[in-house]
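Consider the two complexes below, in which chain A is the common component and chain B and chain C are the respective partners.
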Partner chain A sequence: MNAAQVLNGIALGSLLMVLSSGLAMIYGLRGVTNFAHGALYMSGAYIAYSVSLHVSFWLALVVVPVALALIGVVLELVFFRPLQNRSHIELGLVTFGLALIAERVVVLIWGEKTLSVDPPPGLRGTTSLFGVEYPTFRLAIIVAAVVMAVALVTWLRRTRTGLYIRAASQDLETAGIMGIDVNRISLIVVSLGAALAGLAGALAAPYVSLDPGMGDTFLIIVLIVVVVGGVGSIAGAMISGMALGIIQTLTTVWSPSVAVVVPYVALVVVLLWRPQGLAGRRV
Partner chain B sequence: MTATTLPEVSQSNAEVPAGRRSRRGLVFGLTVAVVVAAVGYAVPYVIKDTYTMSLAVEAALLGLLALGIGFLARHLGLISLGHTSFFGGAAYAVGVGVNHYGWSMTQSFAFGVLVGTALSLVMGVLVVRASGMGFLMLTLALSQALYQLCVQTSFRPLTGAYDGLLISFRPDDTFAGVNASDLQNPGLFWPIVWIVLIVCVVAVWLLGRSPFGTILEGVRENEERMRFSNYNTFRPRLAAFVLSGLVASLGGALFALNGAYVSPDILGFSRAGDSLIAAMVGGLGSLIGPLLGTGLYVWGEAHLNTGGNLHLYTGIALIVVLVFLPGGVTGTLQRIWRRLRKERPGMGGRR
Partner chain C sequence: MNKRFPATALAAALALSLAACGSASSSTSNSGSGDSATIKIALIPPTTGALAQFGTDAVKGWQIAVDEVNAKGGIDGHKVELLKKGTDGDTATTLRVAKEAVAKEGAGFIGAVMTSPEHAALNAQLQGLGALSFNALGKDDALVGDQCAANAFHIVQTNSMDINALAGSIGSMPGNKWAIVAVDYATGHSAAKEFTSAAKAAGKQVVSTQFAPLNTTDFGSYITKVKSSGADAVFAVEYGADGIAFVKQANQFNLTKSLKTVLGFNMVSEPLFPALGASIQGFYNNVGYDVAGDNTLNKTFVSDYTKKYGSAPYYVPADNYVAAETLFAGIDKADSIDPEKVRDALDGLTFDSIVGSVTMRADDHQLLRPSYLGQVVKGDGGDAFKIVATAQPDKTTPQAESACSF
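Entry: the complex of A and B
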C-alpha cells in the first residue's frame, strides 16, 4: 500500500461525497429516494464530454451544473411537487422510470460506445506528492470536492436559506406552518442536488470512461452511502461517502473479490446495528 | 425511513370481508383453476409457431418471478427488488449441479429450488424487519451483492463470471418425462412450466385466504398492533418472504432447464427493475396482475424492442401507470367494473 492508493481512495470518496450529498438533501426534504440520481450523474458526464469536445472542459464545469439544475427544476415542478402526497415508494419508482428513460435518451444522443474525455491542458500529467507521481487531475477532483463540501456545509450552517433547508428537512409540515415557503426551499434543494450530481459527472468524466451503464453502478453505491450515513443527513452522507471510497479502494489492492462486496456488507452491518444510520436524524 | 405501503394494495384487499371467504368461493376458484389449467395445457396444440410458443414459455417463467414479488406486495405491502437473486440463484445452482457435480436434471432441479429458497431464507432474516423504502433498498443491495460475487473472476470455474454458464445435460437424461434435447422445444416444455405456474397460483391464492393470510394482512396494516395482540410478526413475515422466494426459485430452476444457459444478467439491476415494473404495470393489488404485466412485458420485449429502446417504453409505462393508473392494468379494470356496477342501479332509481 502506498500514498497513490490512498489518494485513489480519496478521489473516489470525493466523487461519492459530492453525489451522495445531493441525494441526501433531496431525500431529507421530499422523502424521495431519487433513483434518477445515477442518471443525472451520467447526463452530467455526457454533457461535459460534448462541451469539452467543442469548447473547453472549463466551460463544461459551468454549463453542466446549470443544465442539470434546470433538469432539477423540471423534476421538482413536474413530478415531486404534484405527487408529494403519494407514498414515498411510488415517487421513488417514478424516478426509477425516469432513470430508465434518461439512460436510453443518452444512448440515442451519444451512442452506446464507450467515450473518454481528456483532462484540460493545465491538469494533464502528474504531480509529485508524498514521494509518488500522482495524476494531477485526480488531485484536482479531490480539491474541487473538498471545496464544494466546505462551501455546502457553510452555506447550510450560516445562511438563512440553509437554516430553512435544515428546518424543512427535520419536518416539512411544521416548517411550513412556521412561515417557511416550503415549495421554494424544495425547488432550491432539488435543483441544487441535481446540479451537484451533474458536477460530479463532469468531474468524473476525464477520470472514468463514459458508458450508458455508468450511472447504475454508481447509483447503488450512492444509495448505500446515504443509508449508511443516516438517511437525509448531509454530513453523514459526506463522511460515509469518503470513508467508503477509501475503504473500497484499499480493499481492492488487497483482494478485488472482497472489495466489491464491501459496500453491501457495510450496509447490512450498519442497518442491523444502527438502523437509523451512523448520523441518525441530524441534518 | 418512512414505512408506507402502496395505497392500491390496501384498497383492493380491504374490500374482501372475512365473512365472504366461503366454501362456495373456494369451489368456484378451484374450478376456474382446473378449467384454466386444462385450456392452457392445450395451447401448444393450437399455437404451432415455435417463436410465439417460446414467448409464452418465457412469460410463464418470468411470471413465477412476478408472482413471488406480487405475493409479497399484496399481503405484506413489501416491494422487493431482490427476487432476481432467488430466480437467478436457483438457475445457477441447477447449472452447478449438472456441470460441477454431474447430477441428473431432476436432482439438479431440486438442488436449484433448494438453493434459491435457502438464499431467500438468509436474505429474509436480514431484511423482513425493514419496511417501505428500507426494504426496497436492502433487497436491492443484497441482490446486487450476489450479482457482484457471481461475476468475480475467482468464481469463474463455478459461475463462468461474465461469460455466463453453459449447462451441458447428459443426452440420455430426462426431466418430467421430457428428453434433455427436447427441453429447449417450447411446445414440449410448456406443459411442465404451465402446471408449475398453475399450482403456484392456486397455492398462493389458498394461502392468501387462509388464517396465515389474515395474519399477514394484519401485519401489513398495523404491525405494532399485531405485536400488542400477542402475535409474533417476524415469523409470518419471514415465512411469507421465503414462500415468495420459493415461487421465484421454481421459475429460475425451470428457466435454467429450458435455456441450458444462465447469463449473469438475470441477477442484474436491470432484470430486477424490469420484473418489478412488469408486476406493477399489471397491478400489485390482484393475484393475476403481476402475471398479466409479465405477459405484456414479454410481448413488448419481442415486438417493441426496436433499436434496444425497450427501456424507454418500460420507463414511460411505469411512470404512466404510477401517475395516472394507480393499481396498474388490473386495478384500473377493477375500478371501471365497480363504477359500472354502481351506476346501473343508480341510474334506474334516479328521477
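Entry: the complex of A and C
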C-alpha cells in the first residue's frame, strides 16, 4: 500500500465529507430525508461548469454555494416549513419528486451529453508530497474539506447560532419553547446544507464527469454515510464520510468488486451493532 | 419529531430508485396513424440516464433513413412509420415496451434497442412476438452465439470483430508493457482477454489488468496501480461518463504524458471529444464507421444528416442508418412487409450501404462489414478520427458459432 493510495482515499473521503455534512444538517434539524440532496450536488456541478466556462473556476466556488443556498431558502419556505407536520415518507416523496424535476431541468439547460470541467491553471498537474507525485487538484479538495470541517465545527460550537442549531437539532419543540426562533434556524440550516451540497458539486466537477445522473450515484452512498455516522450528527457524518472514502479506496486496490459493497456492509454492521450510528445523537 | 427511521428511509430511497428505473415514456409517431400497408418500426432506445444521448442519436439515424424512403414514395409503395418509444435501458422495461408496440400498435420491426442485455432478453421473445429486431448497438458476441435468434439481425460489429480489427495493429504501436483498465462487465472481460492474447502474439507484455465497476467515478486507485506497474502503454475499455472520468483523472495524475500509447476500446467517440479535451489527441480507438467513407450513399447520408442535425454523424446514428438500410433491402427483396418473408429474404443478402457492400451472414445473422482503427487528430473543425487501418470482415469476423442455431 503506498502513500498515493492513502491520499486517494482521503480525497474521496473529503468529497463525501462535504456532501454528507449538508445532508446530516438538514436531517438533524428538519427531520427530512432529503432525496434531492444528490440533485443539489449535481446542480452545483453543472452551475460550476457554466461559471468555469465563461468566467473562472474560482468564481464558481463562490457563486455555486450562494446559488444553492438560495435554492435551499426556496426548499425551506415552499416545502419543508409548510409540510413540517406531514409524515417523513410524504416529505421524502416530495424531495424525490424534486430530484427528478431537477434532473430534467438540467437536461433541458445543459443537454444529455456528458460534460467535463478542467481544474483551474494553478491546480493542474501534480505536486510532490511524501515522496509521491500527487494531483494538485485532489490535494486542494482535501484542504478545502478540512477548512470547511474546521469552520463548520467552530461555528457550531463557538457561536450563538451554532448553539441554537445544536439545541434545535436535539429537540425542535423544546428549543422553540425556550425562545429560539426555530424557523430562522431552519432557514439557516437548510440553506447552508444546500450550499454545502453545491460546494461538493463544484469541487467534484473537475474530479468526475458531469451527467444528469451523477447525483444518483452519490445519493445512496451519502445516505449510508449519514446513517453510519449517526442520523443528524454533522461530526458523525464527516467522520464516517472520511472513513468510508479511505476504506472503500483501499479495498478497491485489493478487489474493486468487493469495494462496491463496502458501504452496504458498513450500513448493515452499524445498524446491527450500533443503530444510533457512530456518533449517536451528538450534533 | 420522530427521527428513528433511517433504515426505512434508505429502503424507500432504494425502492423509489428501482421504481424510477422501470419508467418508460409514451410513444410518438412521425407520420400519424398508418394504414395496414404501413411499415411500422418501433424504436426503443434509452431516453434517460447516461445512455440517453446515444438513444437520441440512434433515433436520428432511423429518422434520416425513413425520411429518405418516404420522400421517394416509400418501399414498394409502403410508407414507413416510426413508433418512437423510450426506456431507461432496463431489460424488463424494454421487453414490456416491445410487446406493447408489437401487440397493440402493430409494429413488425424493432430498432434502436441499446444494450446487449436488452438484446439478449428481446431475442428470446422475438419469435413469439413475430417481429424482427435490428441491433445496431449491442456488441456482445453471445448475441450471435448462444443468444442468437432467427428474427434478430446483428448490424453492428461484435466485440470480437472490433478487437480483431485492432489486433493486427498492436505490434506496430509504440510501447511494450501494457496495462489494461476495463469495465467490470462482460464486454470489458472479453475485450481484456482478447487483447491479452493479441498483445502476446505481437510480442508485447501485459503487466497489469484491472476491472473497474460500471459507473466508477474515482479512478485514482486504478491509475495509481497503472503507474506503479511500469506500463508504458494502456488499453482502456471504459464507456461514456466513466471514460471521461478516466481520461481526465489520468491527465491529473500525469499518466497520459508518461505513456507511449493509449488504445481505447469503444472509449473515445466523436460526441465525447469536447468533454475529453485536447489531451486525447494521439489516442487510438476502434472505429466502427468511417464518416469519410468514399461512396455515394455515405456522402448523401452525411450531407442529409449534417443538414438536418447540424453536425456530422458518428457510429451510433450511422449504424442505425445501416440497420434501416438492411431492413429496407430485405423488404425490397422479399417484395413483402411480412416479417417472416423479410427475414427469409435477408438470409445471405448482399447489398450496398453507407459502409460499402455488405452481406447478411445466413448462419448467425451477423452483418459482414469492415472495421477500422482510428487515431484522434486535430482537424479544422476540432478533433477528428484519422483512419489508420482498415480491416475487412474476412479478417475480423469469427466463424459463426455452432451454438447459434435457428
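Everything below uses one rule, namely that the second predicted complex is superposed on the first by the 283 of 283 C-alpha atoms of A that agree within 3 Å, B and C clash if a C-alpha of one lies under 4 Å from a C-alpha of the other, contacts with A are read in each partner's own complex, and residues count from 1 in each chain.
By our rule, a contact is a pair of C-beta atoms (placed from the backbone, for glycine too) under 8 Å apart; a residue touches a chain by one contact, two chains touch by 3 or more.
In this text the structure is predicted, and so the values were computed from the model without any measurement.
Once chain A is used to superpose the two complexes, chain B occupies space that clashes with chain C. Residue contacts after overlaying the shared chain place A:T114 against chain C, while chain B stays out of touching range.
Applying the stated contact rule after C-alpha superposition, one finds that A:V261 touches chain B and leaves chain C untouched.
Once chain A of one complex is fitted onto chain A of the other, the partner contacts of A:V182 are absent, as it touches neither chain B nor chain C. Contacts of A:F96 after superposition on the shared chain: both chain B and chain C are touched.
In the superposition on chain A, A:L272 makes contact with chain B only, not with chain C.
In the overlay built on the shared chain, the residue A:A145 is in contact with neither chain B nor chain C.
When the two structures are aligned on the shared chain, A:L83 is found in touch with chain B, with no touch to chain C.
Look at A:L223: by the touch rule set out above, it reaches both chain B and chain C.
A simple residue count on chain A separates chain B from chain C, and the partner touching more is C. The clash between chain C and chain B in the overlaid arrangement falls on one stretch of those listed (9-17, 333-341 or 369-377), that is 9-17. Residues 31, 33, 88-89, 92-93, 96, 100, 107, 112, 216, 220, 223-224, 227, 231, 256-257, 260, 267, 271 of chain A touch chain B in one complex and chain C in the other. Per the touch definition, chain C reaches chain A in the complex via residues 1-3, 5-10, 12-14, 16-17, 20, 48-50, 52-53, 56, 184, 210-213, 215-218, 220-222, 224-225, 227-228, 240-242, 244-245, 248-249, 252-254, 271-272, 274-277. Chain B contributes residues 1-2, 4-7, 79, 126, 130, 132-134, 136-138, 140-142, 144-145, 148-149, 152-155, 269-270, 273, 276-277, 280, 308-309, 311-312, 314-319, 322-323, 326 to its touches with chain A in the complex. The residues of chain A lying in touch with chain C in their complex are 2, 4-5, 8, 11-12, 27, 31, 33, 35, 88-89, 92-93, 96, 100, 107, 111-116, 118-119, 124-126, 133-138, 172-173, 206-214, 216-220, 223-224, 226-227, 231-232, 249-250, 252-253, 256-257, 260, 267, 271, 277. Taken in their complex, chain A has these residues touching chain B: 31, 33, 83, 86-90, 92-94, 96-101, 103-105, 107-108, 112, 216, 220, 223-224, 227, 231, 256-257, 260-261, 263-265, 267-268, 271-272, 275.
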